[in-house]
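Letters are used for the chains, namely A, B, C and D, taken in the order the chains are written, and counting of residues starts over at 1 for each.
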Amino acid sequence: MLDETTSGVFTIVATPFLPDGALDLDSIDTMVDFYANTGATGITILGIMGEAGKLSAAESEAVIHRVAARTRMPVIVGVSAPGLSAIQALSATAMDNGAAGVMVAPPKTLRTDDQIISYFQLVAETLGPTPWVLQDFPLDTGVQITPRVLRTIFDTCPTCKMLKHEDWPGLEKITALRTQEAEGARRMSILCGNGGQFLFEEMQRGADGAMTGFAYPEMMRDITALTLTDPAHARDIFDAYLPLIRYECQPGMGLAVRKHILAKRGAIAHATVRKPGLVMSDTTIREIDALIERQEARLSAL
Amino acid sequence: MLDETTSGVFTIVATPFLPDGALDLDSIDTMVDFYANTGATGITILGIMGEAGKLSAAESEAVIHRVAARTRMPVIVGVSAPGLSAIQALSATAMDNGAAGVMVAPPKTLRTDDQIISYFQLVAETLGPTPWVLQDFPLDTGVQITPRVLRTIFDTCPTCKMLKHEDWPGLEKITALRTQEAEGARRMSILCGNGGQFLFEEMQRGADGAMTGFAYPEMMRDITALTLTDPAHARDIFDAYLPLIRYECQPGMGLAVRKHILAKRGAIAHATVRKPGLVMSDTTIREIDALIERQEARLSAL
Amino acid sequence: MLDETTSGVFTIVATPFLPDGALDLDSIDTMVDFYANTGATGITILGIMGEAGKLSAAESEAVIHRVAARTRMPVIVGVSAPGLSAIQALSATAMDNGAAGVMVAPPKTLRTDDQIISYFQLVAETLGPTPWVLQDFPLDTGVQITPRVLRTIFDTCPTCKMLKHEDWPGLEKITALRTQEAEGARRMSILCGNGGQFLFEEMQRGADGAMTGFAYPEMMRDITALTLTDPAHARDIFDAYLPLIRYECQPGMGLAVRKHILAKRGAIAHATVRKPGLVMSDTTIREIDALIERQEARLSAL
Amino acid sequence: MLDETTSGVFTIVATPFLPDGALDLDSIDTMVDFYANTGATGITILGIMGEAGKLSAAESEAVIHRVAARTRMPVIVGVSAPGLSAIQALSATAMDNGAAGVMVAPPKTLRTDDQIISYFQLVAETLGPTPWVLQDFPLDTGVQITPRVLRTIFDTCPTCKMLKHEDWPGLEKITALRTQEAEGARRMSILCGNGGQFLFEEMQRGADGAMTGFAYPEMMRDITALTLTDPAHARDIFDAYLPLIRYECQPGMGLAVRKHILAKRGAIAHATVRKPGLVMSDTTIREIDALIERQEARLSAL
């Protein structure tokens, strides 16, 4: 079960599809194995950057079931939905399948501090004993949550165990949260997203690890492991991956890039993105392949 | 089945809940009867202004089933969802239960004309032969659709039969669409929403009726029936309802106001709005009750 | 000078243009006289709903100068701008010309409570001793300000004297603010906008008057004067104006409607709206004229 | 004068302030010299990422005057404003001071293709013979402009000479525009922004250069010069700068980071950002300084 001390690398997993758009359940198995073999210590499914919104309720359930059956790593399930009933129903399915916890992002309509606090308190009440992750992703949700508001939520919702940090810019927020903890606030697990763009600095600021879907979990494994013990080496590794991280972080493109790489690496059978979704041009694919080739050369030279 | 000539009064129905937030299926029966007795010629369920987003998939299905079993009026089912799979699944349930068609609003992320056209073409492809309504509601969705873009969608998607018009300001749009039709575009059914605030002018501009949830379907029945034949009398009736229409149109409040009135009129057993939702103060309730009392006096005096 | 007890009817004045789009300074004189003769007790210029954004800095100055020279009513000048320097420069011009105070709306980028409080504290610091009005208009700005945040701003910024209230829905906010005052908060002047749509209820909730640009200041004069002393008569008057109030409140259309009526009533020479702006169709103009005719008949019958 | 073939490196210049927030005109001279000496072939002032919005009209004029007096490089002046009168006034000042052209971003309210086309046609009409740059920056403006809409604007507005490209993701847009040109559309100058994050790929796709404010114009000089002739070397240089480019691209932080570096490099006397603006923590400054140190080491090793 997820708790306040959870650390490591939770990869946000893609949902694999067949060329005709149907769920590719076999690829879930190979993908989960791939992640385990390349550095993941946990798995997050049905997140914002996945294609959770494109699945029917029955398909979401099939994904949860298949992933949970394949791995003994802790599994976090994204359950963000417009209403609490859907959140409750999906969470029940997740926990019944052995999930370690669920993850909730705020609806885009929230604005004031009070609205944000009330919403997450309702979520906590709805989830009962289920441990949950607060996903703080203003670039996508438009909802800005200050460290003080987070503290109020953490203080009043003991089942909230982790912050998925992807505010941007967000480095000062990590520092502010750890400072609040030094002054008496509850200790929280902080895993960082945003495609890994700031993972080196995030670890230096006090994060507990990464939760993002960059197609090389090795990067997250190495940076979380080495930043504090061998920062110069960690920087060398990080910089070798950075040109591709940057390319993958283009809004609306990340998923297609990621699936192309996962297919190329053998993790999934097809790079299919469900409609409506981006179809990459040959030029784009050549750019990605050139970045990968160069990345491999740089990593070998370290 | 819904077609391009459908006219009349489709009331957007509320979803009734028990005081503890559970679905109140018995009230669905009384509510559907109430609408039939007060002027509705059709029923729209699971729309934006209802609480569709707050239902789990199983609850949505239960609502469809109960409404369809109770009435022989045509039923339109709102199926807007973040992904096409969910749209497809909910539409199949709707049509299997005898719905007359489904209704789809655009996702909030659409911006350019091409994105809007492509999205609805994908929807049409996904829905197959199911007749559908395009819900044009920029105040809520942020998506602005010009008459020319609508024409392209209507021309390329023959299963689209109706526009739920709630652009605001939108009177000129009705005129533009009817002018396009006079110049050769396909004839479409246009039913108007926006709480009925402009129903008199909308009917004068060429609308075929109303599709909104104002708690007095009698108003929509009378205005759609009388505007063209007895405009002076229609205006008197409209003006008598207008103070309450205005009050109900306050964003984020309409549903609570509406349920209070429906409960007061005996259509549903409880005015409960599911969390997170507005709880009205005593002052607000007194304001509504005063408006109702005055409305009744003015109507009796006509 | 504006203070915490200011009450009455501040009309938001239009900026008159000649048919070629140039400033029509002569019409400023006739318009100011018209407002004084139809019930205004104050004047607000260069507001959001005016065309302040379409004026160059030199033109804004010319408008301030002309209005101030024509009237002895208190004049409030809208000075919202992307930066504090522009706010400071325009405020200095306003106060040098004898304005009673200035009005500031929040920039659209503000989100958290702390950002909102900090911004208005910076504004107060920038304005020095100048009395100012906080314009709370979320429909336009997207910034939502709770009663508690307003209280913090009012407590820490003694030069803030008035709230221009146009939250929507906003009736409960007036009650919350007056309740806070009963519990010890500083007394503030509250004038209400939103085109006058809720003026009757706003006065009942404790507002001090109106600040909006409805083309019949007589309505605002009568409702502010009569709501508490003769509510039944106030309601009759309000209801007679409501169909036109409703029509004028269509977003993006209000200004054109208003200028058409002001020109028709002889307050300004031309109904010109500066480009880019709405040009109303003949059908729209006929709808407005029909509403005016009917309004006059109803008012005469009272 | 700006034309359709303009290429090179236009740096977006910061506006220097004294510690008390007043304009630092002397630093304008040193900064302009610095840019000329580090690779700029042109200068862009008063852009979105500068602090144009924080200047009064008089201050904007002073900046234009000082920059124009100091350099013989072409100067482009950002003139985006809420209204055409302000655009016209600022453009006149710019051209009177010898500017090479002006730059206009769309207002945030534009949505449909027709609205976007009409707006820029009005801008072109307002500017008369002045050559202008269309700034396409959806991350900031929320306005999405397709290649087809751009083509219509370019075709109907011959005084539009350049696209400041900062769509994101935007690589395919460059290819689409160059393909349209190969099929007969007017040739346009395309300079790329977005902090330089994709400059290597942008040059490969057919861009004519860079227009952004990264504090090392040397990077833009080298990448625009070498990408097509010596791509392997260009990539090495680009990758050495990328960790800092990434850090500078954090939204809301870029300006403070940039001014810190410009002050450190002696280009301006003070890193002051005008209020309301970010004050960087010591931790942040240490992170930047570490990135600079590492960048210098990597560049020396090339």
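Here, a residue touches a chain if its C-beta (ideal position, glycine included) is under 8 Å from a C-beta of that chain, and two chains touch if they have at least 3 such contacts.
Each chain and its UniProt protein: A, B, C, D = Dihydrodipicolinate synthase family protein.
Keep in mind that what you see is a predicted model, and the values were worked out from it rather than measured.
Student: Trace the shortest chain of touching neighbours from chain A to chain D and give its length in steps.
Tutor: Steps on the shortest route: 1.
Student: Over half of the interface residue numbers used by both chain C and chain D, so same, or under half, so different?
Tutor: Counting shared over all numbers used gives more than one half: same.
Student: I'd like the Å distance between the centres of chain C and chain D, where a centre is the mean of that chain's Cα atoms.
Tutor: 38
Student: Round to the nearest whole Å and give the separation of the Cα centres of chain A and chain C.
Tutor: 47
Student: For chain B and chain C, what's the span in angstrom between their mean Cα positions?
Tutor: Roughly 33 Å separates the two chain centres.
Student: Counting only residues that touch at least two other chains, what does the list for chain B look like?
Tutor: none
Student: Tell me, which parts of chain D touch chain C in their complex?
Tutor: Spelled out, the residues of chain D in touch with chain C are 51, 53-59, 81-86, 88-89, 108, 118-119, 122, 274-276.
Student: Using the touch definition from the top, list the residues of chain A that touch chain C in their complex.
Tutor: 111-115, 142-146, 148-149
Student: Sort out for me which residues of chain C touch chain B in the complex.
Tutor: Touching chain B from chain C are residues 168-169, 171-172, 175, 197-198, 201, 204-205, 235, 238-239, 242-243, 246, 250-253, 281, 283-284, 287, 294.
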